[in-house]
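Okay, here's the structure, questions in a sec.
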Amino acid sequence: MRTTSVGVVRIPTKGPGDVAGLLGMIEQGEIDPKAILAILGKTEGNGGVNDFTREYAVAALCTALAPHVGLEPHRVEQRIAFVMSGGTEGVLSPHITVFTRKSIAQAPAGLADKRLSIGMAQTRDFLPEELGRSAQIEETAKAVVSAMADAGITEPKDVHFVQIKCPLLTSDRVEAASARGNTTVTTSAYSSMAYSRGASALGVAVALGEIEEGIRDQDVLRRFELFSKVASTSAGIELIHNVVIVLGNSASSASPFEIGHAVMHDAIDAAAVIEALASVGLKAGSTANTGRELVNIFAKAEASPNGNVRGFRHTMLEDTDISATRHARAAVGGLIGGLAGSGAVYVSGGAEHQGPPGGGPVAAIVRVADDSD
Amino acid sequence: MRTTSVGVVRIPTKGPGDVAGLLGMIEQGEIDPKAILAILGKTEGNGGVNDFTREYAVAALCTALAPHVGLEPHRVEQRIAFVMSGGTEGVLSPHITVFTRKSIAQAPAGLADKRLSIGMAQTRDFLPEELGRSAQIEETAKAVVSAMADAGITEPKDVHFVQIKCPLLTSDRVEAASARGNTTVTTSAYSSMAYSRGASALGVAVALGEIEEGIRDQDVLRRFELFSKVASTSAGIELIHNVVIVLGNSASSASPFEIGHAVMHDAIDAAAVIEALASVGLKAGSTANTGRELVNIFAKAEASPNGNVRGFRHTMLEDTDISATRHARAAVGGLIGGLAGSGAVYVSGGAEHQGPPGGGPVAAIVRVADDSD
Amino acid sequence: MRTTSVGVVRIPTKGPGDVAGLLGMIEQGEIDPKAILAILGKTEGNGGVNDFTREYAVAALCTALAPHVGLEPHRVEQRIAFVMSGGTEGVLSPHITVFTRKSIAQAPAGLADKRLSIGMAQTRDFLPEELGRSAQIEETAKAVVSAMADAGITEPKDVHFVQIKCPLLTSDRVEAASARGNTTVTTSAYSSMAYSRGASALGVAVALGEIEEGIRDQDVLRRFELFSKVASTSAGIELIHNVVIVLGNSASSASPFEIGHAVMHDAIDAAAVIEALASVGLKAGSTANTGRELVNIFAKAEASPNGNVRGFRHTMLEDTDISATRHARAAVGGLIGGLAGSGAVYVSGGAEHQGPPGGGPVAAIVRVADDSD
Amino acid sequence: MRTTSVGVVRIPTKGPGDVAGLLGMIEQGEIDPKAILAILGKTEGNGGVNDFTREYAVAALCTALAPHVGLEPHRVEQRIAFVMSGGTEGVLSPHITVFTRKSIAQAPAGLADKRLSIGMAQTRDFLPEELGRSAQIEETAKAVVSAMADAGITEPKDVHFVQIKCPLLTSDRVEAASARGNTTVTTSAYSSMAYSRGASALGVAVALGEIEEGIRDQDVLRRFELFSKVASTSAGIELIHNVVIVLGNSASSASPFEIGHAVMHDAIDAAAVIEALASVGLKAGSTANTGRELVNIFAKAEASPNGNVRGFRHTMLEDTDISATRHARAAVGGLIGGLAGSGAVYVSGGAEHQGPPGGGPVAAIVRVADDSD
């Protein structure tokens, strides 16, 4: 029986602090603020350690939504999950994607397929010395299971994208661990982002049975043959626990949207992008997709750790001027933007253990033009 | 009658000073050093004012080729045109493309179509105050006409790519003009690269009849509706005149290669890339291109000057951390790399007056598997 | 008769959104929020066009101060001037400096000298096509005169620092001017920052009689021999008018602080920094400044436009990886930080027409240990 | 008995490939090319992994010097040590310092003090997995002892600067180690530069008795209280062994130059710079240094690893746009440039185990105006 409906809206932004588009849709009744479960956004910072556009965007959204959900601004994050991915390199365009969920008394008739569903969960707070290690993997796996249940998804194959926001190390946090006599997995803030993303992705892979349990600390960022095909993890300075958002299709959802995915095997895997579009009934570059409209694409990008893409050397990992994550987002954003016909897509950097080395998951959400819609 | 044969080889490099691949092919007789007319390369610097990888690469090539062509190193540039485009962002891979030309006594039988031809010419040296202005436009137009004649190309429609290397302004050059009582078009070295590229491209458009004559100084970087569909211009600190290389198909060529092109209307114009590949008989992403093998793609990329790509805001022009040309190369390189199946493509930044605003030309060279080859 | 008292407090921040230090001082009664007139801050963005740390800091301060001044957050800026200078390169440390002013019934006895005073004024909103041109110069000059009056300063020699916040051009603003048939002084957002800063500084010079009136559009960013010795101007995307803050010494002030200044003639002018410190009774690098305590230093930095510093070439203007303003702030911040013994100093980039070419003003505020204090 | 004479000349360069200044001095007989022992240079790249200005400068110098020393270009490095430090941020100015040494039959009379001496040695080639670990420390210590002997320096206290050039890890080198079943100390090329610099500096400290022997792998980049007061180490992609250059004063030298040093305890330690100048009889900022002329200053800079400089937070370590080494060079270069009166000083980044955390050694070479000179 279909008991929930999930909505998805993509809204362009004019800056990290721009909430006018969202407020406009709330005022016009197109978005019910009380139904908002999660907001994923691309903001225009560097996507690195000192990217304050992420926390600025979250602060602006919390302040804007507070009166609409009847909470103090600093409590809004306890109700709505915000995942801001910094970095709109190249053609990538700043935007937010708003996910809503509400219970419905009666589902529209005639829905044959499983439809878009969303579920959420959080881990406990981590100690700095736990980041990038097995504690983070295990706690994340537990949270993924909880989020699947929350989404009404029972089978791993129906999970198409798991977005996780995870912490990073700062000088302060490294010092704190050190003061306790513990060493962190790295002392570099920038490197810690990779460790945290990697461990979180391995947690997804464990939860979905993509890899076996028993991953050890030393496997993180070393055994890249271990990965999840649907994990997308982003590190941010603004939190000290993991937030897990599961997106998939569920028989309990009466949503007018569907989600599908594919896996890019390298950063130039055009075929995988085309496959992801096809999985939800779309044809790349075509406008003649009768009855189905692309809402957004969610993908992860990374510089191939072996320094090559299909046999040709890339220079992303050895560039001291531009971080490898920025390079990778720009390139993959260019490819997906070209095939999707829009730069307002969610391409996030740092795909450690998210898809095969140098590749990453790519998911597409489509609006289905039901008669019943 | 076919009187010349033109060869093209793409060689990956391990760094800007790496000449081992080229020397290896010379030693094995695959390249006749005396037949080398031009070398186009992608080097891994920032592609900006202080990108010394371009002059380093040229210096290394001159030193390496000197004994093979019987010239002192500093005279090699008088014989061979070197065009190094800096910037291998994202998946772009450092490489050089070597063009050779030689007279032939007897052409292979059975060549029906026009085949790849190459011609070259140079302008006189420019004064700093002439850069980005009508003097540069007019001199460039004259040189394009000369280069077409050199290539044995009589009709503009057979010209598929015109690569130009042009100068930029430095503090010294601005001072020199100022000391003469003249002002340069800009005092910023970085901005001057755009002016020089733009004026050079307008010179191509004039020569090929793509626009009418009578362009004025103030049209440069302002009237972007004036452009060439085949011009590709790169600014470098190492020269003070323009070097023009015309690539096209000619009935006088007995080359085993063909060239074609299309025009990208924006940075995500996947259709144009597919069209360029189709123009030489290739199918995007396919390996089943029987009898035809892609040698390289040559394209220009730029950040749309109006700040949007298909209606969505991009952030390339307002990023103080990464120059817009690097963003654009990364994105377009990702798209072309995906459709061509390789990051070792020549994508060069700064497409002012080269293709429509935000777009640029894209040319493809293919090897045709003639029986006679 | 002394009728006002001016206070100055420097507060370190842990990030652009950090207001805890300020709120703590308000709670402890050390700062009266209703007396706050201006807050100058150094935030840790890139100081360029896309530096959102400035508007984020202002948003956070407005939200934090709103309940304390009895205004809605978006109205706080109408009462308090916020000038956030982005860029804490090298040893520079993020902080804010809070200026308060209140009327006093009875001045402390025994004040012989003029004491710190502050005054403010604003220009009207500018059209994009007015930026960097004579309209901006003239309106700024008027505002400086108003701000001096507001500060109770009657003689230009008592003005030691004039901080101005001015607008910049964005793609949108350039388009708007273009739609009106007007051209802006530049189409580059980054370049527009220099034009706006330069015109604003010339406005100060006109107001203080440092240069003659009648400056023309074409003098801006060309005739660098025209400059103010006390102007400090910063461009930001968040406003479309100029905000003028005059700091000087006044007989009407009963403040426990004094201000003095000197002019750096180039970026390595250690003597000028020492002179500025001496002008308020301090000795560089010494802790034995009995009775006088440095509060903060305010300075402007720029890359010498002729490409040299005392005869040696610098590379700041030709670096495509790091903007010249970041280079200059880092270097001058290192020098001032060394002589002042602290990196928490206000060194702002882009000193066009602020001090001689390649140099800039440097002012110091000191707390005087009066018995009466 | 004085048996050798050492010369030092500082020559500005116009670019990484500029050898005209050096060749001019050779032609004019001011430098005897056969006496050149070492050339230390500042080049204008990013100082990071992909800074090709270093190898370009070395290639240009080898090509230029080859005919003068009667060797093939690729053999010049076997005779002359080249240490190019990339990064001329802020006021730092590209230049080279040429050290010559020759035997003399008869020393000038009246030399009372020890004078400048130079000695060199090299380690064996390292395996990638040895970098940043005890093997590199031990081999470096041995080479320092050899270089002291070569310089005719018998006491550690007479050693004032030990410049080392050391390797870094690249993707290829990490792969090579991995293929042998070994792991490298890091997989990041950028991080490997810090490890290599740190281990090399610890080697100096061991050789000079500044710390005790028995340093373990895990001490590198962790126990920062272990350091050398005179080590200066630079990592470069162009070599796979360490080159050690010892500079000090020796009774066996009849050089007209002297060297002295001090230790900066943090990046704003103006007192230490003044002390270093005083150690060779110079007064900071003064031109009245009768009879003594500054030739150059050699210093190391780094971002304080604890995130603070004298209690104020810096942002260098958490900046994803500009590497911390660039920030630190810019700031320390500004301070030293100000106190020395010139930006043409050798300030090199990455001071791991070179001076106390956040600080570094600073040495000055002065020309003494002997009657006998």
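Lettered A, B, C and D in written order, each chain numbered from 1.
Note that a contact is a pair of C-beta atoms (placed from the backbone, for glycine too) under 8 Å apart; a residue touches a chain by one contact, two chains touch by 3 or more.
Every value quoted in this text rests on a predicted model; they were computed, and no experiment measured them.
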What is the set of chains touching both subunit A and subunit B? C, D
Determine which of the two chain pairs, A-C or A-D, is joined by the larger number of C-beta pairs in contact. A-D
Whole-Å gap between the CA centroids of subunit A and subunit C: 41
Any idea how many Å lie between the Cα centroids of subunit A and subunit D? 46
Of all the residues in subunit B, which ones touch at least 2 other chains? 44, 46, 50, 315, 321
Touching subunit A in the complex, subunit C uses residues 15-17, 44-45, 50, 52-53, 55-56, 59-60, 63, 73, 321
Contact residues on subunit D for subunit A in the complex? 46-51, 170-172, 175, 183, 187-191, 221-222, 305-307, 315, 317-321, 323
Which residues of subunit D touch subunit C in their complex? 12, 14, 44, 46, 88-95, 267-271, 273, 284-285, 309-310, 312-316, 321-322, 326-328, 330-335, 337-339, 341-344
